[in-house]
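As written, the chain order gives the labels A, B, C and D, with residue 1 at the start of each chain.
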Amino acid sequence: VIDYEPPADPSAYSFTHRVRVRFAETDAMGIVHHAAYLPYLEEARVAYLKAIGHPYQQVRSEHGTDFAVIECRVRYLRPLRFDDEVDVHLELGAARRASFAMGYLLTVDGVASCAAVTEHACVDETGRPNRLPDWLRELAAAPRADRVVRPTA
Amino acid sequence: VIDYEPPADPSAYSFTHRVRVRFAETDAMGIVHHAAYLPYLEEARVAYLKAIGHPYQQVRSEHGTDFAVIECRVRYLRPLRFDDEVDVHLELGAARRASFAMGYLLTVDGVASCAAVTEHACVDETGRPNRLPDWLRELAAAPRADRVVRPTA
Amino acid sequence: VIDYEPPADPSAYSFTHRVRVRFAETDAMGIVHHAAYLPYLEEARVAYLKAIGHPYQQVRSEHGTDFAVIECRVRYLRPLRFDDEVDVHLELGAARRASFAMGYLLTVDGVASCAAVTEHACVDETGRPNRLPDWLRELAAAPRADRVVRPTA
Amino acid sequence: VIDYEPPADPSAYSFTHRVRVRFAETDAMGIVHHAAYLPYLEEARVAYLKAIGHPYQQVRSEHGTDFAVIECRVRYLRPLRFDDEVDVHLELGAARRASFAMGYLLTVDGVASCAAVTEHACVDETGRPNRLPDWLRELAAAPRADRVVRPTA
């Protein structure tokens, strides 16, 4: 477990990606099922990698590295509902030799609905640990202010 | 499109597999989301292949053949609800040179809740069509009465 | 079953909505799982209803009507892959007293990857059939050229 | 966050529920997608409540209480693959006035593949906190040895 806590303030994050809640993601309680949040985090992560010039496809094909999820921690603060527009704020949280943490804060109209951390191991096709790509190690070492990115789309 | 209609009578089917509705599969209408039925059909198909001695893993590894879904038709007759025990009745419906149809009837306490057909192409790893495995062609040619199988549990 | 076939030509459709394939929607064949297409159709349907001024939330709360899916037919023409940008072309296909059909064509870079039809019943909260809302009946009766809409977003 | 860590030893758990991996739950890495584990935990939880005589349906209808998931922590230790038989070991971990924690250990052929905790709040239909039902409070207070249950299957 990487010792890292995601910021509670949306403006502290370096990147934001918006998703819209699908009806298929709700459950019989009338709110979004707790498992449906993980694909939101993943979609935001993929958009982030693209925005910083390292699309996940390219990471997989060129570096031969998968960013396997080895841990997730999710705190559900307020329910999400069908058709909500959810801003997924995201940052690269911390890095080690072969793993890193991403932090997330989900907001709807500026109000926090979920805080989350995912931890990832760099692994090759057989599942063996790889070193982090250089760009990722350098990004993790940069001061937070230098890490801000904007979506290209 | 293969010209095949699944039987309306549960007892006409050669195989039955039971699934139980998960809470995650419901939606905000309080019933099972329509997309969640397709994994039920798939799970029943996998159980069927195992019961007739041709586990899907083996089909993929030994024959190098995937049974790619090329069409589905689903009629939703009555809603399914959380914790329902659903009997998925299934039969091999019809076969061609490189494709086949499976028919399904879903019942809860004997009452039909869904009828469905899936069509599958035999394809190799690159997606190119393969001939049907011999056992599948022979099974499709056998009289319906000879096709009945029982789950191996 | 409503007798309706969706057009094969993308330009024949009145509305287009773009989705991007999530990694979570792929399966061990390396392509999008066949069940994951249904939420794409649903997301496009929701965007369409919003674009024509009848958001689904409003349909549910004001009219007390759900558009329950009673049938779907999906033809999978070419695999979709992670991160594909998929244009979901959509039209209102045909309407009856208490049900209607929607037609879909999915394209990636202009190449068709999937054709689909969903049929919907208007039902109240208890699942009993409702008449179609007036606007929906009128829209279905209008000539196809008058039905073209553009996304508001 | 409730201070509770699930046991690392499968035999320490009071209940075990088996699930089989569906093809739909795999992703393009060839393994089960990390989001697909949460419905496994949920299915096991539902089976557990039934086994101890408090089916979730009954909790919802009689007590007017939902066990809303307010936090989850999942550690992915080894990949799960299509058709794996997964034993979900489970225990009631700790309880407070209006919330409780459940612990999980997933094993395949006795080898640990995942450890998890979910935290739940008792809430009424409007989302307001409810006190824990008496039976749940009493169960949480009982010595671990007295909590062992067997599936009624």
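We adopt the following convention: a residue touches a chain if its C-beta (ideal position, glycine included) is under 8 Å from a C-beta of that chain, and two chains touch if they have at least 3 such contacts.
Worth saying up front: this structure is predicted, and the values here are computed from it rather than measured.
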Centroid-based (C-alpha) most distant chain relative to chain D: C
Duplicate of the B-C contact set - from A-C, A-B or A-D, the pair where over half of the pairs recur: A-D
Pair of chains joined by more contacts [C-beta pairs], C-D or B-D: B-D
Between chain B and chain D, centroid-to-centroid distance (C-alpha), Å: 30
Where chain C and chain D are represented by their mean Cα positions, the distance between them in whole Å: 36
Where chain A touches two or more other chains at once, by residue number: 23-24, 35, 38-39, 42, 82
Footprint of chain A on chain D - complex, ascending: 1, 29, 34-36, 38-39, 42, 66, 68-76, 79, 127
Touching residues (chain side chain D, partner chain C) in the complex: 23-24, 26-28, 30-31, 33, 35, 82
Chain B to chain D touching residues, read off their complex: 20, 22-25, 38-39, 42-43, 46, 55-57, 82-83
